[in-house]
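The following blocks contain the structures, represented as structure tokens.
Here subunit A shows up in two complexes: once beside subunit B, once beside subunit C.
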Partner chain A sequence: MNQMLVNGIVLGTIYALIALGLTLIFSIMRVVNFAHGQMYMLGGFIVYYGTVVYGLNYFVALLLAIVLVAAIGALFEIFLFRRVLRIAKREENSMLLAVGTALLLENLALVAFGEKQRGVPPVVEGVFEIGDAYLPASRLLVMGMAALMIVGLLLFVQYTRPGRALRAIAQDKEVTYLQGVNINRMSVLGFALGAALAGAAGGLLVTVFAVNAGMGTAVSVKAFLMVMIGGAGVTAGAILGAFALGFAEAIGYEIFPGSLTYLIIFVAIIVFLAIRPQGIMGRTS
Partner chain B sequence: MSRKRTTAAILVGLLVVFLVVIPVALRDAPYMINVLINSAMLSVIGAGVWVTFAIGRINISQGAFAMIGGYVTAILSTRYGVSFWLCLPLAGLIAAAIGVLVGLPILRLRGVYFSMISLSLTEAIRLAFLNGGQFTHGASGIVNVPRPDALTLFGVTLIPAFDGASPLPYYYLAIALLILTLLTLWRISTSRLGWTFRSMRMNEELAASVGVNVAKYRVIAFGICCFIGGVGGAFFAAFHQNIYPATYTVSDSMSFMVFCFLGGLDYIAGPVVGAFLLTISFEVLQPLQQYQPLIYAMLMIGFMLWLPNGILSLTSWGSEAVNRAPETPLASATSPAAPGTPSAAPKGEA
Partner chain C sequence: MAMNGKFTRRALLAAAPALLLAAIVAAPVSAADKTLKIGVLGVMSGPAASWGLVNKYSAEATAQMYNDKGGVKIGNDTYKIEIVSIDDKNDPKLAVSGAERLTKQEGIKYIIGPNVDTTAASIVPVIEAAGAMNFPYAFSKELYTKPHGNSILGMVASYQAGPLIYKYMKDNKGVKSIAFVARNESDALNQRDEGVKAAKELGLQVVSSTDTYEPGTTDFFPVLSKIVKGKPDLLVLSGVAPADAPLLIKSARELGFKGQISTETAQDAKVLREVAGDKADGFVSVGGASTPAIRSAYMEEFAKRYAKVAGEWNDEAGTKVYALEIILATLQKNPKAVNDVAEYKKTVDGGFGVPNAFLKDKATLKYVGTKYFGQPRQIGVPVVVNAYSKGEFQTVFVGTVAD
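Right, the complex of A and B next:
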């Protein structure tokens, strides 16, 4: 019982990092970043190559992963999404572009990294005992850093000028533009930040779960589920959705065999969305 | 008028090529015939997705319904000895029934929400078949699905049994199904139903306000889509003679959607052009096998950047039925009410 609780909290925190990135990009660009899972995967691979292959310090490699994946996000915004959002006549176009970027990253990774599973040894050793539950120190570290990043992001968005601009764009793009905010620059920032969060999550979790080039879609699907549970574009919703999914997964894997857990989660979410299509915190519009 | 004639000439020409020239020219190249069978049937399944695009929903669940169709055929024919010719429509009907059931709640979602939930649906259905126990045989799937048997009606053999020596019977069946699907789509998009669908794509609230029963029509569209997907899945189950939970994944659902937009969402022929182009170019690019998906991805991004309305937007052909200015159907409408204001209008007064 306690073990489930511990697992749920650890999973929920990491998932929140992933879901926040997705919801941030969505709130600013109105684009679902289909490549989110692929960015997660890239973050994992960069940390693997940094530490295992080139012998860098783990934290340096993690920083590198965050910066590089953020750069990919920024480039996507500047060279792809900006143009397509401008010329698109139908909403579908930006979504299909997002699907294209996901395929691009996944296949570039396949060509560059091959199909092998890659893991990074835990950064810290040891196991904590909480009641009758076990919590490996490496997972605690991952969770702590994820929580730190989430708090950092929330503070940034809440109290800094660019953060306020981002929130304003999420509320009303045109009015924000009239207030003199450089929308293009803010979109790049938003996309880069969202991507950075995905890269950070991958870089952190690679010490717990191995990554492979083809895993992106599965991660993206999880991110979509979290955002749908919580309501797209809402920060609090993303965190709530992440913990809901984290706990559902932790409990499910204890009770049901293997893939049955996700089948039940899917069915539950479809039923839930039938009752509340906008998610827990989502706005109707 | 002359344009109509050109279009007709092109269609007849294509028909001759596909029904006569290709089978004769490629009679010693069963591999190429197989490629064409794949292209044709993938376009059929993609054409289903086109119907949901018509109501403005980005549907990434078609793989799930092809899978349902495939399993219906596999289970009915291996365990109960049901004829393939009965399985084919049954697969479509069962897929459509499940589609309607699932569609009723999830079609309330729009835009990205709908595409995310439909993508999850592909995963959910795959997991359902994976966990189906004795009924679906889990990951090992169902093998030895029989080939289509003879179709006899009142003692007359209409279609002889497929012996598997040559892929040609499958080829003709695939082309026949493709033509049937395209005729259906054309019929839909030129009818009142098509205009209803388009009105919903433009603005669902507005459509509802003039009396369109939006909830009903979106389920109809989704049901048609799932029916076509189920039929396509049934064909592939009999063609490959097996079905596994891994046969259709999220990436298959995505390709069905990609076919539509590569060809052009505004064109009935869109999914066909997209599916044939991608499937055949993959064969041509065989030496670049390793990079195929990469090229696929770059094509997709390139199209969105420079040709967002699809290949067919380069031509004027094929768009007539769909994109004509609204005057034409007004003039040719046989019903008393103008299109867009169906006779059920009073319903909207509440």
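Right, the complex of A and C next:
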């Protein structure tokens, strides 16, 4: 029971960091960034190369991962998404572009980083025993840092001027434009921030889960599930969706045979979305 | 200038047939003129990419080694070897289109791969209709049993290595109970079922056999929490991908698991070291000719070439070095087989074998599998069982697959 609770909390926090970036980009640009998982993967590889290959301090490498992945996100927005969103008449175009960027990043990573799984030594060693549950110190650290980043993001969007502008764009882009907000600049910021969160998650979790060039799609699928559960484009919804999925996994694997867990999760999501297609906190229109 | 130009062109045109004839007569029919194309079909992207890419890099390394020496002599001809690779993404539809391209467009008769049961089964009709042969790394017995006969298993199957490993664990490590965790895919589930059967036959108590995880899982804590509570003496990772094994090991140890851990698939020591570190000490897996203690000078040369081709060595290649080598040896034995797989099968069924060039000790590389498939449709790769210790594999024992 204790282990199930610990697993649920750890998974929920980590998943929240992954889902937040995806929902942030969606809320501002109405683009489902299918390359979100690939950006997570890049974050992991940058930290791996920074620490294991070039001997950088882990936290320096993590910062580097956040900055570089944010820069990639910004470049994607400026050179690819902005133009497509401006000229495309159909939503499918931006979705196809997002899928294309995901495939591009995945294949480039395979060529550049190879097929092997890469791991970074944990920053802290040891395992805590909480009753009959085990919690490795490395997971606790990642969970703590993820929680800090989530709080930091929430404070940023709530209390800073650019954060308020991002929220305003998410609510009504045209009215925000009429208020004098530079939409292009804010879109770059939003995309970069979303990508940075993915890079941060990858950079944090490489010490726990390692990284390989092919892991992006699975990460994107989970992030997409969380966002759908919580409500697309709603920050609090993404966090809620992340904890819902985290606990569903933790409880499912404890109670059911492994093969049934995700089957049940998917059936539950289908039923839930049939009843409430906008997700827990999403708007109907 | 114009006159000269016209004259030159006319003279050249007149001389062309003579020059062409002279070139044909003067050039010997030699090595460079013939090419033997070999296909590699398998998963080369996604989380299981290493399975197919190691096949590809192994074939390319072997081909380069032959080509550097002028090619491979088969009968009276010498061939340059060309490797044509296709990524099937572990998708049966892509495997079928890949097999069609290799056999029909490229005219290839011998294909290494695919890597899993679903893709291997999907291409059987294509391979048989095209009069080709393939060397899958999938363990389903139907692939190699009559009425089928054009597929030859490229490595040791889990149901061959598993019982040997469990017996070793029982006899040497005091293992009495066993638990299985499998990737939720047909290959891995079949391997688990075969493993459960073998464990029961050995008299081991099966503590858990229904726990699985989804492909793409990175956090194995929820999956393993329940299994570890059962305190099995041995935890078997069935059909585990090289990306999953170190994470499973690490999670099991962090959850307080103190027993033995093993798998029947090949793994890479560097990946284990980086991801699981000391927690992987004692982990037992199937290897090939990869450990320095057993490899020959030729294998050393292969490992160096492999590192050049792939960028770095991968221990998984120790199990995948054999396919192209035995294909070439079989073609050398029966040159008619270059374009006729019926001849190839005739040679295989006739008990063909060659000295195993990859091992230090004397051993024969031959076709086996009659005990399992009713016909020799498996490359007799030695069953090398390795244990991981302090960053590298040590060979625990070397066994053989029954004829």
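Keep this in mind: the second predicted complex is superposed on the first by the 279 of 285 C-alpha atoms of A that agree within 3 Å, B and C clash if a C-alpha of one lies under 4 Å from a C-alpha of the other, contacts with A are read in each partner's own complex, and residues count from 1 in each chain.
The rule is short, and it goes like this: contacts are C-beta pairs under 8 Å (C-beta built on N, C-alpha and C of every residue); 3 or more make two chains touch, one makes a residue touch a chain.
Computed from a predicted model, the values in this text were never measured in an experiment.
After alignment on the shared subunit A, the placement of subunit B and subunit C results in a clash.
Applying the stated contact rule after C-alpha superposition, one finds that A:Leu96 touches subunit B and leaves subunit C untouched. When both complexes are overlaid on chain A, the residue A:Leu108 reaches subunit B alone and has no touch with subunit C. After overlaying the two complexes on the shared chain, residue contacts for A:Tyr262 are found with subunit B and with subunit C alike.
By the document's definition of touching, neither partner reaches A:Phe59: not subunit B, not subunit C.
By the touch criterion defined above, A:Tyr177 reaches neither subunit B nor subunit C.
When the two structures are aligned on the shared chain, A:Pro277 is found in touch with subunit B, with no touch to subunit C.
By the touch criterion stated above, A:Phe156 is placed in contact with neither subunit B nor subunit C. Once the two complexes are overlaid on the shared chain, A:Ala88 sits against subunit B while remaining clear of subunit C. Annotation: subunit A residues 106-107, 110, 217, 221, 259, 262 touch subunit B in one complex and subunit C in the other.
On subunit A, the positions that touch subunit C within their shared complex are 3-4, 7, 10-11, 14, 52, 106-107, 110, 114-121, 127, 134, 136, 205, 208-210, 212-215, 217-218, 221, 249-250, 252-254, 257-259, 261-262. On subunit B, the positions that touch subunit A within their shared complex are 53, 56, 58, 102, 104-106, 108-109, 111-113, 115-117, 119-121, 123-124, 127-128, 130-131, 250-251, 254, 257-258, 261, 265, 290-291, 293-294, 296-298, 300-301, 304-305, 308-309.
Residues 26, 32, 80, 83-84, 87-93, 95-97, 99-101, 103-104, 106-108, 110-111, 217, 221, 224-225, 227-228, 232, 259-260, 262-263, 266-267, 269-271, 273-274, 277 of subunit A touch subunit B in their complex.
Interface residues of subunit C, counted against subunit A in their complex, comprise 44-50, 53-54, 181, 184, 210-219, 221-223, 225-226, 242-243, 246-247, 254-256, 268, 270-271, 274-277, 310-312, 314.
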